[in-house]
Amino acid sequence: MTIVENHYGKSRVRVARLVRQQDRHELNEMTVAIQLEGDFQSSYTAGDNRLTIATDTMKNTVYALAKDPAVAQPESFGLLLARHFLDANPHVTRATIEVLEHPWHRHGHFSFIAGGSQCRVARIDVSREKTVVESGITGYVLLKTTGSGFEGYIKDRYTTLKETSDRILATSIDATWRYDNENISWGASWHAVMKLITDTFAEHDSKSVQHTVYAIGEVVLAHCPNIDQIRLTMPNKHYLPVNLEPFGLDNPNEVFCPTDEPHGLIEAVLSR
Amino acid sequence: MTIVENHYGKSRVRVARLVRQQDRHELNEMTVAIQLEGDFQSSYTAGDNRLTIATDTMKNTVYALAKDPAVAQPESFGLLLARHFLDANPHVTRATIEVLEHPWHRHGHFSFIAGGSQCRVARIDVSREKTVVESGITGYVLLKTTGSGFEGYIKDRYTTLKETSDRILATSIDATWRYDNENISWGASWHAVMKLITDTFAEHDSKSVQHTVYAIGEVVLAHCPNIDQIRLTMPNKHYLPVNLEPFGLDNPNEVFCPTDEPHGLIEAVLSR
Amino acid sequence: MTIVENHYGKSRVRVARLVRQQDRHELNEMTVAIQLEGDFQSSYTAGDNRLTIATDTMKNTVYALAKDPAVAQPESFGLLLARHFLDANPHVTRATIEVLEHPWHRHGHFSFIAGGSQCRVARIDVSREKTVVESGITGYVLLKTTGSGFEGYIKDRYTTLKETSDRILATSIDATWRYDNENISWGASWHAVMKLITDTFAEHDSKSVQHTVYAIGEVVLAHCPNIDQIRLTMPNKHYLPVNLEPFGLDNPNEVFCPTDEPHGLIEAVLSR
Amino acid sequence: MTIVENHYGKSRVRVARLVRQQDRHELNEMTVAIQLEGDFQSSYTAGDNRLTIATDTMKNTVYALAKDPAVAQPESFGLLLARHFLDANPHVTRATIEVLEHPWHRHGHFSFIAGGSQCRVARIDVSREKTVVESGITGYVLLKTTGSGFEGYIKDRYTTLKETSDRILATSIDATWRYDNENISWGASWHAVMKLITDTFAEHDSKSVQHTVYAIGEVVLAHCPNIDQIRLTMPNKHYLPVNLEPFGLDNPNEVFCPTDEPHGLIEAVLSR
């Protein structure tokens, strides 16, 4: 028997960091997940913990390193954490860090309103050989009320869907894009990509979710020379037109029933 | 054996309503719950459904009435629904309607970004004798980084909490306020109350969550003559300062661990 | 302005208690919520905490009292907690305790498998004048594949539902029953009521959810002389027969689409 | 720009299937997810849907094929679905099907009680070249009250965890095991593996979660010649001993605080 793959770590480490300036506080709230790979075989096969870094220690490390200014961007905080584990532990070969940043909108100098369900995310993958930084968004819910259709698809014996040239298109975008270097202004770049995603979703004349996925990926790669790959996952959150005929009413795309299940799910990775 | 209390209805009826103007679409998305009281005894005791309005019919009624312009405000849509059931069914004595409105932020003429987890809510309670309209918010998450303390409380044998004159205060507000009449500009009034809640939370010098609850209620009743009662439920979403001493670091209120459980829970109803 | 109602406390206090016998361990895992009423006005109006029991102290009290053998039953643990707060604090007038017990099924002397989503619940309401003990269940999901119909209901302009004499009936029962005294064998009584609920659901010839609600309440009150009231909340978790005709197939009640929303919701309180 | 990877399909297709025998009904309830790969490039790049199978059609296919006796086992139902899509669509190169089976425990001939949160799962991956069948479990929550320790790990500057030779070990197992052929009695094999997992968890003298992961994998591979690989993901759902010293009480591993976050997360793939 062989261990084909193994990694372990700590998930859902929540930390908030306050920078207390005289007349204004900065707030960063994150949920961190750490996974390590390395020479951990004997902990599995023999229960020998001599090379095991306790996951409780990983949690403490997140708290302690949260004092570092790198905490201000999820990408730089993730890099700091990943390198700490590799530098401090010669037997660790790879550290994967996910940092979710929870959105808080400022309301005054010392007060904040929680943002939506979407989180900015950074995924950092550092080994002895290379470093990969991905930025992204999770749970970004968008809806457009026109400029979307779905026609011309295969009709087989199980097809009942009606073609439409005008429907509501709603989705919850998970996107991660990969940088080809680390000399990036993380915050500015993230906001620029988010604007491209949001505007393209709104303005694209969509023939399907697949079509929109590609349009978004194309725009991001075209405008961001430092990004060499983007992964997009977009469910189709169906808004079904309600049949009002039984009640003697017409429904010219005015009344819809939003549904969560079942839903379409489209995923693609685009690369240069 | 007697039936002391009974009501029934349909919950989680989701409906979206589009108003399609030439160069701009208006979108309202709601989740509606309906509960009816009335002469339904025999459906319970004898399985006699002759006076039973099927909950499926209630769902259809939501869809059909969503064509009405009243749908633009959750309060007026709730009133329309409640009165429909009372008018159409002499044996119904009371209709209680809850309308949750899901927040969508406009991004262009035909495109929207989902708002936060908070929902605007209307609770409509109409009987043959009277009508009660409540407006409110659910899941409104606020945080302040200073201007909050907790000191001078009872110390008993189970008390270990340290007093503090400066802490993070975070909460998820559920609030409903009751109007004393129906001649209200629902949307304008809702936004005015939300601003009072948000500003008071931010600016009040808080000695406890209780203290903040009261301050918010006081301001709302003072500024809104048409509101005669407000209910506020505010959990204390604790941000615990992390003890960094074991790592040779100080923590002057900079690094916190946000927690969901356990949490304090404070509720009060204030009235004129 | 007056405070019409106020209470506060600690929610989601999780505690597990192990009784370590030589060759067998007993495990109780609970989630406790505490709410107190009393002379707390000045904490709201003036931020004066001199009579405030910190919710953190409430949490500690749960941990400390979990050493008591009363922890073995949620009802007796809730009574212990409620009386502690009233005895230790003359200014507290009422303590309401909810204890959810998480189901663990034994697998060997020292090992357990988590049960379903349903939780046994006790709700204890103790004031200076009286004590009310309620036991119950939350999230108890049952389904029957026959012996349920829905016919003869009102047909109005919004009715499209087809009558059926044979459907799947599925629900998630929340039930609480009130005892008229405290000299109850809590565990035995709870299991007896659960058996009555389960068997009645299975065996009753149901004309509607309302009809089943009443049948269950009637049986419980008839068989349990110490119970004087029962509250039942039963959603109708619809299993919709799928129309297979477009595919040239019949569907004699064989293939269903289970749905969560919208759902019927029926609630009644039955009393002697 | 190139599409490095793309697949799409329908998720959360819920279906229940009843087999109506004279004096007994069989019930299977499943949630199905379908993902297809193939010649779909032009739907992304040009919005050309001529080769697109609508996800709505996939949903209908699940309903229609649920009439087949293969529905009785998630593995055989998944295989049926995967092969349908490949057979009917020459341009589809790969179909991946996930079938979650929801646990219902029989209570009488026509009545059922919902089981726990754990679901039996089958993952079917069929391409033109090969077929891979994996069976598994998701969300299987186990706890043991002794026979688990954690000692001898690395102590660095961020380590505060105390070593223990006796702790509560709790986890929520996600496991999938891969078969090397299809001539398997799916139900019997699944139950046999589940018994091995459950018994090994209970009886193994655990030096860490890693140690337990390996022990479970080793036993399954040793006893099941048709299984050539197993993936195990096991969070460490920490039960933290409560410090009762401030209250003048000792706590010899009797009172614990169960927590969900942060949690350890251990994952390994074991193969012959």
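Each chain carries a letter (A, B, C and D) given by its place in the written order, and its residues are counted from 1.
One rule holds for everything that comes next: contacts are C-beta pairs under 8 Å (C-beta built on N, C-alpha and C of every residue); 3 or more make two chains touch, one makes a residue touch a chain.
Since this is a predicted model, take the numbers as computed values, not measurements.
Undergrad: Between copies chain A and chain D, are the contact residues mostly the same numbers or mostly different, with half as the line?
TA: The interface is built from the same residue numbers on each side, given that over half of them are used by both copies.
Undergrad: Would you mind reporting the rotation angle for the C-alpha fit of chain B onto chain C, rounded to the nearest 5 degrees?
TA: Nearest-5 rotation angle for the superposition: 180 degrees.
Undergrad: Compare the CA centroid of chain B with every other chain's and tell me the farthest one.
TA: Most distant chain from chain B: D.
Undergrad: Counting only Cα atoms for the centres, state how far chain A is from chain D in Å.
TA: That gives a centre separation of 23 Å.
Undergrad: What whole-number Å value describes the gap between the mean CA coordinates of chain A and chain C?
TA: Going by mean C-alpha positions, chain A sits 37 Å from chain C.
Undergrad: Do you know which chain D residues sit against two or more other chains?
TA: 14, 60, 64, 158, 160, 246-247, 260-261
Undergrad: Which residues of chain B touch chain D once you look at their complex with the stated criterion?
TA: Residues in contact with chain D: 157-158, 160, 246-248, 260-261.
Undergrad: Quick check: in the complex, which residue numbers of chain A touch chain D?
TA: Those in contact with chain D are residues 1-14, 33, 35, 40, 43-57, 59-61, 64, 88-89, 150-154, 156, 158-161, 206-211, 213-214, 217-218, 221, 229, 235-236, 260-272.
Undergrad: Can you check the complex and tell me which residues of chain B touch chain A?
TA: Those in contact with chain A are residues 14-20, 25, 27, 29, 60, 63-64, 66-67, 104, 107-108, 110-118, 140-147, 168, 198, 201-203, 239, 242, 244, 246-247, 249, 252-259.
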